[in-house]
Amino acid sequence: MATVPLLDYDDMAPEARAVIDDIKAARGVDDVNNFWKALAHQPDNLRRIWEGLQEVMAPGALDTVTKEMLYLAVSVANNCEYCAHSHTASARAKGMTDEQYGELLAIVAMASQTNALANALRVPVDDGFLR
Amino acid sequence: MATVPLLDYDDMAPEARAVIDDIKAARGVDDVNNFWKALAHQPDNLRRIWEGLQEVMAPGALDTVTKEMLYLAVSVANNCEYCAHSHTASARAKGMTDEQYGELLAIVAMASQTNALANALRVPVDDGFLR
Amino acid sequence: MATVPLLDYDDMAPEARAVIDDIKAARGVDDVNNFWKALAHQPDNLRRIWEGLQEVMAPGALDTVTKEMLYLAVSVANNCEYCAHSHTASARAKGMTDEQYGELLAIVAMASQTNALANALRVPVDDGFLR
Amino acid sequence: MATVPLLDYDDMAPEARAVIDDIKAARGVDDVNNFWKALAHQPDNLRRIWEGLQEVMAPGALDTVTKEMLYLAVSVANNCEYCAHSHTASARAKGMTDEQYGELLAIVAMASQTNALANALRVPVDDGFLR
Amino acid sequence: MATVPLLDYDDMAPEARAVIDDIKAARGVDDVNNFWKALAHQPDNLRRIWEGLQEVMAPGALDTVTKEMLYLAVSVANNCEYCAHSHTASARAKGMTDEQYGELLAIVAMASQTNALANALRVPVDDGFLR
Amino acid sequence: MATVPLLDYDDMAPEARAVIDDIKAARGVDDVNNFWKALAHQPDNLRRIWEGLQEVMAPGALDTVTKEMLYLAVSVANNCEYCAHSHTASARAKGMTDEQYGELLAIVAMASQTNALANALRVPVDDGFLR
């Protein structure tokens, strides 16, 4: 249960419906995920998030599956349950293999461990890291 | 200032010195970073972290620079100051370009935004994400 | 399922029951929320939290609904599922409109984004911010 | 020291300079804060963040100072050092009094305490909170 | 529902099965918890985590129940739902009393409160803390 | 530099001075740490935090040094720089040895690693953990 009702397409404001139409077309799907149905209460947020995602996740100096894996790693570190599920699914859909997922998990775990140690010990940053 | 003195090589226990020697050899450097000098007070932790890092960061289904970028993204999401500096430096040393770094930052920012929204709205996970 | 049984009023220690009575009277309700029933195992914690909440959330330089929205924003940033639900409900009960909630969500999202960027880039604090 | 050099205006790409000009004009200042000089390496990110901020922080159902205080509360909960300083300064510039700041701090502290307890006890969400 | 299927013993790779056998023997149980069944997809991660846990949690300068309580306190601060449940259970199994658990919770709550205040106010570290 | 000036004793309100006097007497010190000087702007917060700390940290079912180590572990997991320094110092003052500190650090690191994995994999809680 979300903190707001998930909106049906027919109950959305026209500005929200236009964004949902755009998501469906861009992804070639008949329906959008729950995230968008919750966000559709605020057409401005909805549009801004969708436009931002398209810009950020378009292939560039990094390819699409690398971008999806980075998105997933951050979502996991930020402990977002919905995002862990949705971005594991989308990284797989973009080509992440089981082996790559396993290595990603090992990196998330290892980094969380050394992050905790460096934060606990308050290790001063080496001069060499500051150019 | 760390919460422990950064240990000089000569002041380390032999078990710690053996790990430091291994790090120097593996990386082809004359001296190790502050992180290792702080960790050297506990030779067991030092060895376990170093062995874990070598296993996890060896090229596999993911190449080295992708692994470094994932490590950096997690370190940033976990808000580790030391790690943000050290892993930005090591990702660059492994080949991350300025453009790739810019795209990584944009993904970290975008993910943090949608993570916060999904957590705020407590969006229920779509059945389609649960196989 | 909590990590402790939710206590029924009749099973509480007298010191806990006195606090629960006080909560019911202050809020004009017949029963308290699950949070209090879990906390009632430790009458001292229960009393300290309840007294603290009353002091902190009483109207002062900030009005009640602003205080509730700040509480909600922090709870969401801290990723507390129970608190996201309970404080969205209590902010609404105190007068937060749908529009205000939408703007609050947009701020939480935007702040999480720029927080992540500043932390990733380790931007040095401007002298002007340090009076 | 940031992980990137803070860019001088003259070293920015024209697309970045256009955004910086816009920030200066909107804020009536001669120079922008370090955050923008670090972000200016990626004109696209720079533009997207600036446009998002303007949309989100414009007065609406919430007034400007309330929005700034919410931004500050989230930044503090997310433990962003730069943002704690910059948004304390900007909330004050928008009218937050010392008393209001004190009450905001008390709420951040109290919420962090009850968030931790609810997360520790994994209290199940009351049916009444789920409409 | 995990992001991977929980593996049955018969479906595990031999390297994973060997670790699971070791866990069962060390703990004197017939079956392992879900965590290990999810981790068993990556025998290397599985082995590394299990070996690390055994080293770290063996009695040393700290006794077993103190170690379990520290593990629990960190898991709660890191907001891990699975870990809050599993480590509350294992701390109890190792001897943590209801009273000790109550005091642990009060400390987690109190620390989260003062942590938030120190982070909000960005209090400079006293010289006396830096030896 | 804190976000507020650190208050000198002579500049504090009488209610704040009374709390500071109490801290000095309880700890047998001539001066208090920066945390209290920053908090002294809000006498109510100051008093509530000090009273809460005294209640929570008094010896009970857990002895003083165990309580200090739990406080430290949480402060580190919450990534509070000030608190990592101040609570490492106070745990040592209460009797934490170098060996115990080393084991505490190993637990913080290990827990952060398994917390991240359980959160990433969204492992469902075993029925056995839910009594």
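For clarity, chains are labelled A, B, C, D, E and F in written order, and residue numbers in each chain start from 1.
Just so it is clear, a residue touches a chain if its C-beta (ideal position, glycine included) is under 8 Å from a C-beta of that chain, and two chains touch if they have at least 3 such contacts.
This one's a predicted model, so the numbers in the text were calculated from it and none came from an experiment.
> Suppose chain centres are the mean of their C-alpha atoms. Which chain sits farthest from chain E?
So the farthest one, by centre of C-alpha atoms, is D.
> Let me check something: if the centre of a chain is the mean of its CA atoms, which chain is farthest from chain B?
C
> Measuring centre to centre with CA averages, how many angstrom lie between chain A and chain D?
Averaging C-alpha atoms per chain gives centres 21 Å apart.
> Report the inter-centroid distance (CA atoms only) between chain B and chain F in whole Å.
27
> When the centre of a chain is set as the mean of its C-alpha atoms, what distance in Å lies between chain B and chain C?
34
> Check each residue of chain A and list the ones that touch at least two other chains.
Each of 1, 3-4, 44-45, 48-49, 52, 55, 76-81, 84-85, 88, 102, 105-106, 108-117, 119-122, 125, 130 in chain A touches at least two other chains.
> Taking the complex as given, what residues does chain D use to touch chain E?
Result: residues 76-77, 79, 81, 84-85, 105, 108-117, 119-122 of chain D touch chain E.
> Over in the complex, which chain A residues touch chain B? Could you list them?
The touching residues are 1-4, 6, 33-35, 38-39, 45, 49, 52-53, 55-57, 60-62, 66-67, 69-71, 73-78, 80-83, 85-89, 97, 99-100, 102-104, 106-126, 128-130.
> Chain A touches which residues of chain C in the complex?
Listed in rising order, the residues are 79, 84-85, 88, 98, 101-102, 105-106, 109.
> Which of the residues in chain F come into contact with chain D in the complex?
Touching chain D: residues 3-4, 41-42, 44-45, 48-49, 78-80 of chain F.
> Okay, in this complex, where on chain E does chain B touch?
1, 5, 44, 48, 52, 55, 125, 130-131
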